[in-house]
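These are the structures, in structure tokens.
Note that subunit A is present in both complexes that follow, paired respectively with subunit B and with subunit C.
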Partner chain A sequence: MNPTISRLALRGLVGQRRGLVLLALPLVLILLALAVRLLTGEPISARGVLVEVGLAVVVPLVALLAANGVLGPEIDDGSVVYLLSTPVSRYAVAASKWATAAGVSVVLSSGGLAAAALVGGVSGRWVLGSAVAGAIAAILYTALFAAMSSATRHGMIAGLVYVLLIERGLGTLLSGLRYLSVQAFTQRIAEQVADIDMPVDMGLVYAVVAVVVVLVGGVAMAGWRLERFQLRGDE
Partner chain B sequence: MTQLVLDNVSRWYGNVVAVNDVSMTIGPGVTGLLGPNGAGKSTLIAMMAGFLAPSAGEVTLGGAQVWRNVGAYRELGLVPEREVSFAYLTGRQFVQASAELHKLGDPRGATQHALEEVDLVDAADRAISTYSKGMRQRAKLAGALVHDPGVLLLDEPFNGVDPRQRMHLMALLTRMGEEGRTVLFSSHILEEVEQIARHVEVVVSGRHAASGDFGAIRRLMTDRPTHYTVRSSDDRRLAAALMGQRSVRGVSLQSPTGTSEVHVEVTDMGDFTRALPTLARDAGITVRELTPTDESLESVFTYLVQS
Partner chain C sequence: MASERTGVIHDIGYRTYTGPREGRWAIVAALLRHGALSTFGFGRSGRAKVLPFGLLVVTLVPAIVFVGILSFIGMDAELLNYAGYQQVTSGFVSLFVAAQAPVLFTRDLRSGAISLYLARPLGAATFALVRWGSLVLAILAFVVTPLLVMFFGGLGAGASFPEEAPKLLVALGGAVLLAVLLATIGATAASLTMRRGLAIGGTIVVLIFGLGATAILQEIGREQNQEAAAAWLSLFSPFVLVDAVQHGLGDATSSFETPPDDPATAALLLLSALALAALALLMLVRRYRRRGSR
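Then we have the complex of A and B:
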């Protein structure tokens, strides 16, 4: 890890307009929970708001914006050479950038979900559980999206395709795709850790292995790509 | 001594050959990499800087391959053409980040020193986004030399820089070269290269067209048949007088647009341009217009490749 890279990445994330969008996403979730609570006068449905909207939409979008934000634009316009023309290992560059994206995402996802759970009036176990799930998902999604952003210029689109098409769209039709779903891994583990009810039909061992693979594989892939970063001339 | 060696280096993208079998050795002092736009200069610099894998051949710095060797950046500083996307940082923050990434013992001190080197101390605490093009170049240069590298590579450093700043930047590069660093910069403008480079490498269409000290290259470029169009008060008499010149190989009278003009083919540009005014004055002829018809750099380069 390299603190300078992380610091620069953080400035690039929160100092820019992307930072406002990042902040807006969990705020929308909290407002949604508040609105549902006020309109119905009852506690919100934890499954409906926290899982189906929070964990399924808000958390991956936050992670996508953060992970793509620390890597995508710099690779795209080539200015990443200013970081790469130094003796810092490219894997350290990737890991440091991912750590920043993951940190920002964990704070926003975990905080957003827990706050939504609080204002939604659900049980304390759900407040804790959704915070845990938000943190796990944020860490995994950012690793996955960091790999995508380093592998293709269209990392943003690749990430959206993954979330919307594979996890949401096809995932509801072909239940077997849960074995490729970060959300499913997250739910399986969060259920175990925080003792809340968000069942997924998946072995715990598989979920744990998948988490490690996504995490290590994603960050390593980003480093591997950075190690082979090629500067395209304008000519 | 820090030498950058290109050994039979080629680079192609699919069917397009960007750099074709180039071998050169870049040593201490200022070297100009000269060539028209699209000649492959940026591709060459990218390979020298370890940001592009040669398709064939290899690029080494002090004997070690540059591609996929981050250790090479201890000895190498790169000033890319690309602008800094961290323009919200101040010049000092940018340079200091570079110093930290190089894990220097005293990043603050090194930053201050680099800023002094490029004469950017006064503006160092302003955001880079407020800088002029020349100041941005100097900020990039400070970032590239903060770790005191033996080799500096600069891609089109004078592009878009105003004349006063250009002089400043040129003086800087000259000093870096005199300090014993290996400084290589690319340019498509002959005059830029002429002013500061001792040694010149010319690339045209991806091929290494010429190499040598500037005088030799300049002679190669100027001692070639050149064509001029002259309009004067008495074209026929001027044509006759011109034919008497040793530097003139052929003269023809033409009137493409109704007005007549003299087309002159010249073997020695320098001689001809010195002789013409005297000759015209002695003959009592007023020269109204003198236009080189193939003075574009491209035609100079084309000539070099052919020879």
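Then we have the complex of A and C:
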């Protein structure tokens, strides 16, 4: 881990008003929860707003923007070679960048979900549970998306295809895909940790192993790709 | 210094261009054509064609399945819901717009090459609008292809032309409106962020999140018996808005909870959406002016 790289990545991520795009998503979620509560006059349905919108859309998108924001632009415009020419292990580069992305998205996801749960007026167990689930999901998704954005120039699209098509689109039709879904691992672990109901049918051992594989594998894959980075023109 | 000059000017055969000179419209047409084609990856590398054509193929799958069901099982032609098709494939359409708008709107703005383009006779306003126009054309091609596949496939499977044609026309009108609105959103996001990743993210957030949030809020509106107010929420999502306009003005079946029931509301919705789009285009032109003058 290299604190300087982390700090520079943080500046690239949230500096110059770029952080506003990231901040917009959790804010909209909170506003949505508030609007739903004011309009119906009852506590929001934790399942509908917090899980279906918050955990399934907002958290992956925040993680995707953060993970791509620390790696993508530099690879896109080629300035990553200046970073790679420093005598720092590429794995350390990847880990430091991932740490920044994960930190930012943990704060935004878990804070956003917890705040949405609070203004939505759901039980205290759900406030805690959604904060925990948001944090776990943010850490896992950023590791996965960091690997994707180091593997291809179209990391953003690859991540979106994973979240929107594989997890949400096909996942509802083919339930076996839950064994490949970061969403499902997160829900299973959060169910265990925070004692809330999540409808995931999966062994706890499998979920824990999968979480470790995604986390370690993702960051290692990003480092490995940076180690074999090739200079290429724009297409 | 010797006053005697010994230099000679050699004629090495340079010639000026004497062929026909095309006017302003030829430039516009060429730029429009180039932009629309490069959105689909023509004139770029093979890898650039994978994504747009891959998405197009996936978008065609439901249309082919519908036509297949119609011709082999022979259910009634009600299956061919042209107006509701974009709502079924909204995820793919959003991905296409998000991924391909930066092709036209980020690279030259970011690198500063834009000031070279804008120094040419076309000027900032026309350049920006032509770029937007080519995005509209590309999105139109993307959303209309499945409709045509469904229409001609349906005719081949025995649907009646006089029954299907009006429904197709309504859906085509909706497709034009959808292309205009989506291109405006994509162009705004891409030209403001100037980074491919951020532009894709921003467009997706507006389109997919806007669709989800509008659907939730409209459902609540219906439960609270506030249908009239809930209809106006469709301004938050192009997909819902197109559905509302098709329902209100073209009598198409709506896919959402609270479509406007009278044509007047639908017309007002249409006008407000177009006004918002015009405002966004004005901002786009201003953005190009400012970047081009650096």
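Simple rule for what comes next: the second predicted complex is superposed on the first by the 229 of 235 C-alpha atoms of A that agree within 3 Å, B and C clash if a C-alpha of one lies under 4 Å from a C-alpha of the other, contacts with A are read in each partner's own complex, and residues count from 1 in each chain.
Note that in this section a contact is a pair of C-beta atoms (placed from the backbone, for glycine too) under 8 Å apart; a residue touches a chain by one contact, two chains touch by 3 or more.
Here the structure is a predicted model, which means the values were calculated and not measured.
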Counting only touches as set out at the top, which of subunit B and subunit C does A:L164 meet: first, second, both, neither? second
Figure out whether A:G15 sits in contact with subunit B (first) or subunit C (second), or with both, or with neither. first
Output check: A:G121 vs subunit B and subunit C. Expected answer is one of first, second, both, neither. What do you get? neither
Scan A:S89 for contacts with subunit B and subunit C and give back first, second, both or neither. first
Just checking: does A:G217 make contact with subunit B only, subunit C only, both, or neither of them? Give me first, second, both or neither. neither
In the superposed arrangement, which partner chain does A:P73 touch: subunit B (first), subunit C (second), both, or neither? both
Applying the document's definition of touch, where does A:I5 land relative to subunit B and subunit C: first, second, both, or neither? first
Using the touch definition from the top, say if A:F229 reaches subunit B (first), subunit C (second), both or neither. first
On subunit A, the residue positions that both subunit B and subunit C contact, one per complex: 73, 234-235
Could you pull out which subunit A residues touch subunit C in their complex? 18, 21, 24-25, 28, 32, 35-36, 39-40, 48-49, 53, 57-58, 61, 64-65, 68-69, 72-73, 76, 149, 154-157, 160-161, 164-165, 169, 234-235
Per the touch rule above, subunit C residues touching subunit A in the complex are 44-45, 47-48, 51, 91, 95, 98-99, 107, 193, 195-198, 200-202, 204-205, 208-209, 212-213, 216-217, 220-221, 223-224
Considering the complex alone, what residue numbers of subunit A touch subunit B? 2-5, 8, 11-12, 15-16, 73-74, 77-79, 81-90, 227-231, 233-235
Going by the contact rule set out above, which residues of subunit B touch subunit A in the complex? 18, 37-43, 46, 49-53, 68, 70-71, 73-74, 76-78, 80-86, 88-89, 97-98, 100-103, 143-144
